[in-house]
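The following blocks contain the structures, represented as C-alpha cells.
Both complexes below contain chain A, partnered by chain B and then by chain C.
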Partner chain A sequence: MVNVKEYLERPTFVLIILVLVAIALAKLLRLETTDYLITIMFFIGIAMSLNLIMGFAGYVSFGHTVFLGISGYIFALIVYYNVWLAEMLDTLFGIPIFLVAIVAGGVSALVAFLVGVPVLKLRGAFFAIATIGLDFAALYIVKAFIPIINPEFFGAQIILPAYALAYKNNVFVAMYITFALVLITNYVVRRSRFGMGLLAISEDEDAAEALGVPTRKYKLLAFALSAFFTGMLGAIFGLNAGGVDENLFNLAHTIDMIVMIVIGGIGTVMGPLVGSIIYFILYDTLLVTYPEFNLVILGSIVAVLVLFAPRGIIGIIRGKTIRGKRLRDIIE
Partner chain B sequence: MDVIIKIDRVTKRFGGLVALNKVSFNIYKGEILGVIGPNGAGKTTLFNCITGVYSPDDGRIYFNGVDITGMPPHKITQLGIVKTHQIVKPFNEFTVLENAMIGALFGKRAGKISKEEAREIALKNLKLVGLAEKKDELAIGLTLHEKKFLELARVLSAEPDVILLDEALAGLNPKEVEESLDIIKMINKDLGKTIVMVEHVMHAVMNIAERIVVLHFGQLLAEGTPKEVAEMPEVITAYLGDKDLALKFVRR
Partner chain C sequence: MKSRLAISMATIALIIIIAVAVIAGAVYYFLMTKGPAEEFGGVIKIGVTVSLKGKYQREGDLALKGMQVAVKWVNEHGGVVVGGKRYNISLVYYDDESSPDRVPQLYSKLVEEDQVDILLAPYSSTLTKAAAPVAEQYKKVIISHGGASDSIFQQGYKYAVQVLTPATKYLRSIITLLKEQNDPDIKIALIYENTAFSSTVAKGAKEAIQEEGLNLVYEFAYEKGTQDFASIIEEAKAAGANVLLGGGHFQDGVALTQQAWQLGWKLKAIGILVAPTLPDFYETLGDAANGVMAPAQWEIGVKYSPEAAQQLGIEWYGPTNEEYVQMFQDMFGETPDYHATEATAAVLFAVKAIEKAGSLDSDAIRAAASQLDIMTCFGRIKIDPATGIQVAHQMVVIQWQNGEKKIIYPPEAAEANPIYPATNWWER
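Moving on to the complex of A and B:
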C-alpha cells in the first residue's frame, strides 16, 4: 500500500512531480512553444541520465555524446529505410516514436555494455580520458562509414524525409514519457539497494567490493542504463531537429551534462535536477542578452561555484538542519 | 576441531618477489588465530589471497570444503569471509548507520533482506561496538579509533563466519586497545565467529590468540600456541628478538 502522505514528505519526489506537472501545464496553456519545452526536457534529461553513472557511482564519463550520436543515427537510419514505419510515427500520440527510440537506446546500452567491460576497469581520470577517446573514435567511424552506406548521407548528415517528420505534439509526448522515465528511474535507483551500492562504489570501490558489493556488475549496469536513456533522448531530439549530423558527437554536450550535475551537487537526485534547471535558464537568458559573452559569463559562474561549493548547491545546504532534522536526510 | 579454512601450498609472486611461498595451514572453526611476522613477511598478501583481492599464482584455498581460489572478493564476502582494512576505509559521506547497512545489504544474506532488516542488523552491531549514539553522524567526522570500530560493525553486519582483522589495533592508545580486545573476545565467544588477526601489538595478540602462525619472507616459519611459538629459537631470531620479553607477553 503506497502511503501518499509519506511521499509528500520527500522533497525530491515532490520536485520531480512539480517539474513534470509544470512542463505539462506549460504545454497545455501554450505558455512557450513546444520546441522550447522539448529542448528543456532534452537538456535536463541527458544530465539526469549521466547522473546514474557519474552522480551515483562517481565515474565521470566524457563519452556520453557517443550515445546521443549512436542512437540518433540508429533512429534516423531506421526511419529512413522503413517508409511504413516513418509514416506511422505521426500516429498514436507519439507511441511509435517512443518505441523506436527504445530500440535506438537499446543499441547504445549494448555498446555501453561492451565498451564498459574493459573501460570500467579504469578509475578516476583514466576512465575519463578513455571515454574522451571513445567519443573521437565514434565520431570518425561515423564520418567514414555513414557516407558509404548511402551517397545521399553526404558529410555524414542524414536529413529525414518530410513524411517522417512527426507532428510536434507527438514528438513532445514521446519526449515527455522518456523524460519522466529518466527522473523516476533516478529517484528509484537512489533509494534502492542498487543505488546504495553505487554510492558505496563512488566513496571507496575497494571497500565496497570487500563488503560484498558486486562492483563490476553494478558499474556496467549503471553505465548501460545511463547510455540507454541518453540514447533515447538523443534519438527523439534528432527526430525533432529533422535529421542528424556529426554535431551530435560534439564533446560540448558532455561538458554541459557534467556541469549541470556539478552545479547541483553530485551524489543526489535533487542536485542535478535543480542544477540542470538553473543551468538551462542561465544558458538561455545569457544567450539572448549577451550572445557574444554568454559562454564567458557562464564559465565564470561555474568556476566560482566549483571553487566555493565543490559539492554544488545541494552541498551547501545539506549540512544545515531544519527543526532538528538534517537537510541531507530530508533531501535524499 | 573442524577446519573452516584450509590454505594449501599458496604461492603469490609480484614480479620477481615471492610474497608467499607454498604456505599451508588450517584455520579452525571458532578459534582466534594470530598471524605475526616482520614487515614484508606476506601477512597482508595472505589476507588478500583469502579474500579474493589477489588470485594466488599457485595453490588452493578452501572454505568449508569449497574451493574459493580466484573468486571475486564480493562472492567470498557473501560466502562468509570478511576482512577489515589495515588503513580504515569508511564511506565518508555516508552516515555511520548507512556504512553498517551496506555490510548487511550486501553480506551473507545479500538480496534476501529488506532495508528495514538491514537497518536493524546495522543498529545492533553499532550498539555492540558502542557507536549507536553516533549513528546519524557522517563517518568522516569520526576519530581513528571510532573508524576502526565502524569497520568492525560494518564487517559484523555482513554476518560472516570468519573475520580477518588486518592490524585492527595499530595506532590505538593502550586504553583503546583494551576496549578493542574486549570486543574481539566477545565477537569470538558470544557470537561464535572465527577470528584471524594480523597484528604487531605483541602483548595483545599473544594474550588473545589461541594459536599463532608466524610468517617470514613469505614462508611459514612456525605454528603453535603463543607459548610454544615464543620459545622457538627461529621465531625469536626472526621476529621477537628477546625470549624473556616474549614470554612475559604471553603470561600477562
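Moving on to the complex of A and C:
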C-alpha cells in the first residue's frame, strides 16, 4: 500500500505531478496552442535530461546538443526510408512516434556510452571541451554524408512528408510521455543509491571512489541515460519542425540547457525544473513583446541571478528553515 | 468705406466659391478614384515570422521592409474588396531569431491568438519546413518568399505556395537564352560548388540543357572552399567546352572566372551564380568580368511594367518598379534588393488571391491562388495548381557590359540586348 500522505510531503514530487497535470489541462482546455506545449516540454525536457549528468554528477556536457542532432537524424532517416512507417506515424495516439524515438534515443545512448568510456576520464573544462569536439565532429559527418546518402535532400536538410505529422496531437502525446519519463527518471535517480553516488562524484570524485562508489560505471550510466532522453526529445522535436537540419547541432541549445539548470539550482530536481519553467516563459514572453531587446533583458536577468544567487532560485530557499524543518532535507 | 466693404464682400464670395469648388472636386476625385464607396469591412491580418536576429538578420530585415512597403501600397490604393466590403491589410509579425526551434510555436500563436487570415513563410527553407506543418494543421494558406528549395513542395503540403523561382530553375533563363541564339556549336561545361543550393541548381540545369537539346560536354562538382580551378578548367577545355555555367558563392565564383580568363579559355558565354550580381565582381576582375552573366530573382533596374503585362495578356498588380523603389527609399532610406522584393510580391500575391477568392476561407483562397497569373514589380507570378510551386516567375539575367551591369533577360524586364558570343572572351 502506497502511503499517499508521505508522497504529498515531498514538494518535488508534488511539483512534478502539478507540472504534468497543468500541461495536460492546458492541452485539454486549449489554454495554450499545441505547439507551445510541445516546445515548452522540449526545452524543460532537455534541461532535465542534461541535469542527470550535469546537475547530479557535476559533469558539464557542453556539446550535449549533439544528441539532439544524432537522434533527430536517425529518426528522420528511419521515417524517410520506411514509407509504411511514415504513414503509420500519425496514428495510434502517437505511440509509433514514441517507439521510433526510443530507437533514435537508443542510438544516442550508444554513442554516449562509447564516447563516454574515454571522455569521462576527463574532468572539468576538459570534459566540456571534449563534448564540444564531439558535437562538431558529428555535425561535419552529417554535413558530409547526408547529401551523399541521397542527392534529393537539400544539403543536410531532410524534409519529412506532410502526412507524417498531419495531426500534431499525436506528436503532443509522444512528447508528453517522453517528458513525463524524463521528470520521473530524474526524481527516481535523485532518491536512489545511484543518485547519491552521482552527487558524491560531484562533491569530490576521488573521495567517492575511495568510499566505494563505482564512479566510472555511474558516470557512464548517467551520461548514456542523459543522452538517451535528450535524443528522444530531439527526435520528436525534429519531427514537429517538419524535418531536421544542422540547427539541431547548434550549441545555443546547450547554452539554454545550462542556463536553465544553473538559474534553478544545481544538484537538485526541483531547481532545474523551476529554472527551466521560469526561463522558458520569460524567454517566450520577451521574444514576443520586445524582439529588439529580449536577449539584453534576459541576459541581464540571468547575470543578476547568477551574481546574487549562485546556487540558483531553489538554492536560496533550500538554505532556510521552516517550522523547525530544514528545507534542505525535503527539497530534492 | 463703401468700396472697401464691396471688396471684402467680393473676397468672401470668392472664398466661398473656391471652397465649394474644392470640396466638390475632392468629393468627385474621391468617388472617381475609389469607385463606388464600399463599406469598410475591417482589417485582414497577414501573419509571418521574420528573422530579426541571427544568421538571416540581413535578409529578414529586408524582407520585413518589403512586406511593409506592400502593405502601405495596398492600403493607400483602396485595400482589398471582399464580399462587397473594403478591407485594409495589416502585418502581424514575430522574431524567429533565424532558428526553426520556435517557428511552430510562433505560427500557432499567429493563427490561434492573433487570428491572422493568411500566412507568409519565414525566410529560408529550413524555417519554412517548420512553418508548413502548422499552416497545414490550421488550414491556412502560407506563401513562401524566401525558400528556394523545391523539396518542401514535393512533400504533399496542400496550403503552401511559392512566389520566387525555385533553385532547380536558377539557370534555366540563361539556358533558354543560349537556345535562342540558334548557335549549333554550343558545348556546355557545368562546374559548380558541391553545396545544397548549387547542387540543386546544377541538377535543374542539367534537366533544362537536356530539354532544350543543348550539349553538355563536361561536369564537375568542386568542394566548398576550392580556390584552384586550373586542372578542372584544363579538363573542360580538353572536352571542347565553349560555354561555362556554374559557380556557387562569391569567392569561388570570382576565382573560377578569373582562372578561366587567365588560362585563355575561349568562351562564347559564361553564366556564374551569385558572384556577378555584386558590384565587387567587376571591381575585382576588370575586363574579365565583361560578358559574364548571372541569374537573379530581381534586380533594381528591371523593366516589368503594366504595359509589358498587357502585352502578355495578364493583369498587373502593385506599384510600378519606379514607384516601388521610390516608396522603399522614402520609408527606409535604402534601396530594396531581391530579398525585399520577393517579400513584397508575396504580400501582393496574397491580396490578389484573397480578392479573387472573394472570401477569407482558406480553401477558396488556395483555389484562387491556383488560377492567378499576374505581373508585379517582382515579375510574373503563377503557381502550379497541384504543388504550389512557382512556375511563371523567371530569373532575370544580368550581364556585365563595358563595366556596367545590364539586365538582358527576360525581354519584358530587359534594359539591354545580350552580347553573344561574349566578344572579349571568344575573340582573343
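Note that the second predicted complex is superposed on the first by the 331 of 332 C-alpha atoms of A that agree within 3 Å, B and C clash if a C-alpha of one lies under 4 Å from a C-alpha of the other, contacts with A are read in each partner's own complex, and residues count from 1 in each chain.
Everything that follows uses one rule, which is that contacts are C-beta pairs under 8 Å (C-beta built on N, C-alpha and C of every residue); 3 or more make two chains touch, one makes a residue touch a chain.
Being a predicted model, the structure only gives us computed values, none of them experimental.
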item	value
Superposition on chain A - do chain B and chain C clash or fit	fit
First (chain B), second (chain C), both or neither touched by A:Gly212	first
Contacts of A:Leu287 with chain B and chain C, given as first, second, both or neither	second
Chain B or chain C, by number of chain A residues touched	C
Contacts of A:Gly267 with chain B and chain C, given as first, second, both or neither	first
Overlay on shared chain A, then closest C-alpha pair between chain B and chain C (Å)	37
Touching both chain B and chain C, residues of chain A	none
Chain A-touching residues of chain C, taken from the complex the two chains share	52-53, 94-95, 97, 99-109, 112-113, 125-126, 129-134, 136-137, 149, 151-152, 155-158, 194-197, 199-200, 203
Complex contacts: residues of chain B adjacent to chain A	51, 53, 72-74, 77-78, 82-83, 85, 89-94, 98, 101-103, 105-107, 110-111, 115, 136, 154-155, 158
Residues of chain A that touch chain B when the two form their complex	193, 196-197, 199-200, 203-204, 206-216, 267, 326, 329
In the complex, chain A residues that touch chain C	33-36, 38-39, 147, 151-157, 159-163, 165-168, 237, 240-243, 245, 247, 250, 252-253, 284, 287-288, 291-292, 294-295
